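Starting off with a structure, shown below.
In order of appearance the chains are A, B and C, and numbering begins at 1 in each one.
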Amino acid sequence: MRKAVIFKGKLLPLLLMLPQLVITGIFFFWPAGQAIWSSLLREDAFGLNRSFVGLENFAEVVADPTWRDAAANTALFSFSVAVLALAAALLLAVQADKAIRGSGAYKTLLIWPYAVAPAIAAVLWLFLFHPQIGLIGRALNAAQLAWDYRLNGGQAMTLVIIASAWKQVSYNFIFFLAGLQSIPRAVLEAASIDGARPMRRFWTIIFPLLSPTSFFLLTVNLVYAFFDTFGVIHALTQGGPAKATETLIYKVYVDGVENLNLGASAAQSVILMAIVIAVTAAQFRLIERKVHY
Amino acid sequence: MADSATAATDPALRASQARQRRGRWMAHGILLLGVIIFALPIWITLVGSTHDANTIGRGEVPLWFGGQAVENYISAWTRGGEGMRSTRAVPAGTMLWNSAVMATLIAVGKIAISLLSAYAVVFFSFPGRMFFFWMIFITLMLPVEVRIIPTFQVMVDLNLTDSMAGLVIPVIASATATLLFRQFFLTIPDEYVEAAKIDGAGPLRFFWDVVLPLSRTNIAALFVILFIYGWNQYLWPLLIITDTSLETIVVGLSKMIGRGDAQNEWNAIMATAILALLPPVAVVILMQRWFVKGLTETEK
Amino acid sequence: MLRRTLAKGAIGLTTAAMVAGRPAAAQGAPVEIQFWHGLTQPLGGMLEQVAAGFNESQQRYRVNASYRGGYSETMVAAIAAFRANNAPHIVQMFEVGTATMMAASRATKPVWELLQQTGVKIDFEDVLAGVRGYYSLPDGRMASMPFNSSTSVSFYNKDAFRKAGLDPEAFPRTWPAVAEAARKLKAAGIATPMTTSWPTWLMVEQFSAIHDIPLATKGNGFGGLDAELAINNPVLARHLQNLIDWHKEGLFRYGGRDNAADGLLPAGECAITFASSGTRARILREAKFDWGTAMLPYYDDVPKAPLNSIIGGASLWAMNKGPSGGRSEEEWKGVAEFFAWLAKPDVAAKWHMDTGYLPLTRSGYEQVKASGFYKQNVGADVPIEQMLRGGGVLTENSRGVRLGGFPEIRNIIQEEMERAFQGQQDAKALLENATRRGNVVLRNFERANRA
């Protein structure tokens, strides 16, 4: 945890840590504490009337069918984004690993979407899928498929999943490619001389070797889908139509910022914090394993 | 690869080679398809940004460049479009500047305070060291998305809404960067510290002369990642900025679209979208080596 | 760099402290009145000009008008600022936020009290009844200062009417006739002839007022916080079922929430739209065809239809600085003088003619009429005539809506409509679900605002 040889001094290290600690205290711990406190209160928007209601807000949130719908949406959305982004990235990485020549160029051409903000990714896909001005949107309508993601919940969900996954493929691709390239050639050649068919070879030899990477990426992708996609949903569907794309995070925003139900929004925040802590703890155990390999 | 002379004579090996060749062609095919799917939305946007608003509004999706590129980009850059629709036009130039300042300050700020705290944790022994370290680490569990309202309230109390300081300061605490630097500092040989002590160099001097130069590659790699992180901020600016002169380009673009009205000034929106994604994409492509390094090391 | 950002933060903190502690009015300098508004360009610029006119007319007060995002963002910003003891003197609040502001009695100063306290006079008797009713307390005293009020009307494409063999000068008066016209328009080649902006405001709120049916109990909420939604009634169910059926038939198109459908008529995609009267400016600018304005249709077999339509838009609220009050007499006086300026006949008339919002007063309307403005701007008087339809006597059902959390309820109704238009439910289920969810909002609001 610390070096054997160290400097003396007690004040200096504290001073060095101070900026980080002050910011953490003011902008993380204080608001988190506030969230917990106001989740136990019921107050009007102006903060003029407040009363302590215990866990009532939590009971109401959990019993609220729209919150349950949002939880179901979140599960469907996160899982779809993760699976789509992982599968596409794995396919591309395997091919890039095979096509040794030109793989550097492919790499460059495949990783840039990582830099695109989720909200901008949403806008780019909107240009394709807009029912009136989008290339694909118009083609679907011309084919009598009645495409309008602004009115059809399933289509809206499909679109936000595609736009969110697109950007994450790049990220996964980088890790899968690094994982593939770290597999010793000798292992692959031995397998190839055994005469194993490529598909079989992949699933029996390569994929198991990639599984730590895959598991790590799965958690990262789920966390991404959970939190970082707010911009996609806000820019594309605003949670609609009819709440079809409202995720848990989006609901916190709508209830707190638009509807000014501070207690309900705070209770949802606290529930989310519990979820994040669980996910981070799981991830942390994974890191520990890696570090102490 | 097998020796070509034997390969020519051994039918089994020949078949395997043919299979490999086929496999390579297929690989190139799939990769090209991937590249095309990745690039398609950008292509449509880029091409669309060179046409006039009516062409796009009528739904004639152009696949090749039009003649309005210069006009569109100038109008988006200086005026935020022609204001033919009642959008609140903010010049893309202003928004790009805000985003650039915000992203740079966030990246620099995060790196600076993380370097300092990691240095304190690794090279000193002081009361509360582990407590503070955990305090920083635990912030990983409190992304802004789960504490939207109370954090906003804190910003209001501190009078930091609608300011660049408000955009930057609350997000520069960084557990990941601190962890990364800590991990790296632990690999600095003890002999360096010994030597410094013998030379009579104090901790600050050692930091400046030894630790900082050694951390150069890590700093560069982190800068790329954190710059992109800063540039792509969405929820936070959305919450605390109402003053249009501080609008960032990512949020500003989504406001230009509003509810996806077919009558939007799409050519200006598309030009702005291209401008919005150009800087971070350029950073990734030009600094690809640092980027990949930064990514694989921070996210471990 | 780091030190500089931190220093900036520190400066932010100290200036905040200084601003909070500053005496309200320094000797000699004009009293600053902060005015937050939510109007985008070009309307926002016109509003700022009104404030500039006031500043030029006198030396003692300076109204500082600034844009704070759309209506709902302005509302959120003002509430947050109030909690931080930093609220603006005046905030522009959309009509559906009225109940929220009224319930927060310690946050605002009602206009009647403001005028009484400062001795400034504004004649509210002359204000259009539909406007006055919306912003007054149950006993008739004014709670907020009416400013930009609109109502909703029908706009239609006369060229398309001609093409379909319909009389371009006679827009159908009743809903069944509108549907017939839409069928002919469809036959003449317009894919989806009819749409609406603001689905809840138009098809539920306005519809209920025009047909004299209640939107909520307790006189649409004017009588107390314990009101409940009354939208689950046969008249409304019949109309919404018609819309759902027309949607299936391809006569009606759901164009999205709020004003998302505003662009469909000027673009030529729809031939009939129901929208805010304020859309007129946009249609003027964008439509490349001959178009007309008409009153909203109704069902002529509903006994009291048609009554007057209700208003939308926003009013101005005088706000306390924060939970502990804290405004000087001088500041209140400045707010009152500014309100009186807005009510001056020539200021109000100019605002009406420039923007297309309703004129504030009846006499203002007569004055503008006498000037020949409506002769040159055919159709610009339809909204006002519609406000006076049914004799201009307001019933409990046609004076407006006063429900807590109403922005959220509007969205709930829109969401349930979206479900219905997707084919997931009929009008009956739509109204049942919206009533159930809306009542939860009302109960929560009631609880939160009862100390």
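Here is the rule we go by: a residue touches a chain if its C-beta (ideal position, glycine included) is under 8 Å from a C-beta of that chain, and two chains touch if they have at least 3 such contacts.
A quick map from chain label to UniProt name: A = sn-glycerol-3-phosphate transport system permease protein UgpA; B = sn-glycerol-3-phosphate transport system permease protein UgpE; C = sn-glycerol-3-phosphate-binding periplasmic protein UgpB.
Just so it is clear, the structure is predicted and the values come from calculations on it, not from any experiment.
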Between A-C and A-B, more contacting C-beta pairs sit at A-B
So which chain is farthest from chain B, going by the mean of the CA atoms in each chain? C
What is the distance, in whole Å, between the centres of chain A and chain C, each centre taken as the mean of its C-alpha atoms? 39
Go ahead and note the Å separation of the Cα centroids belonging to chain A and chain B. 15
Residue numbers in chain C touching two or more further chains are 2, 6, 83, 256-257, 260
Where in chain A do residues touch two or more other chains at once? 19, 150, 257
Listing for chain B: what residues touch at least two other chains? 57, 112-113, 152-153, 158, 169, 172, 259-260, 262
Using the touch rule from the top, collect the residues of chain A that touch chain C in their complex. 19, 42-49, 66, 150-153, 240-243, 257-261, 263-264
Can you tell me which positions in chain A touch chain B when the two form their complex? 1-7, 9-10, 12-14, 16-17, 19-21, 23-24, 26-32, 34-35, 38, 88, 91-92, 94-96, 98-99, 102, 106-120, 122-128, 130, 132-135, 138, 150, 166, 169-171, 174-175, 178, 192, 195, 198, 220, 227, 230-231, 234-236, 238, 249, 252-253, 256-257, 262, 265-266, 269, 272-273, 276-277, 280, 287, 290
Residue ranges of chain C touching chain A (in the complex, touch as defined): 2, 6, 72, 76, 79, 82-83, 100, 103-104, 106-107, 254, 256-257, 260, 323, 405, 407-408, 415-416, 418-419, 421-422, 424, 437, 441, 444-445, 447-451
Contacting residues of chain B [partner chain A, same complex]: 12, 16, 19, 23-24, 26-28, 30-31, 34-35, 38-42, 44-45, 48, 56-57, 59, 61, 112-114, 116-117, 119-127, 129-130, 132, 135-136, 139-143, 145-154, 158, 169-174, 178, 185-186, 188, 190, 193-194, 197, 202-204, 206, 228, 231-232, 234-235, 238-239, 250-251, 253-254, 257, 259-260, 262, 266, 269-270, 273, 276-277, 280-281, 283-285, 288, 291-292, 295-296, 299-300
Residues of chain B defined as touching chain C within the complex: 57, 83-89, 105, 108-109, 112-113, 152-153, 156-161, 163-166, 168-169, 172, 242, 244, 258-263
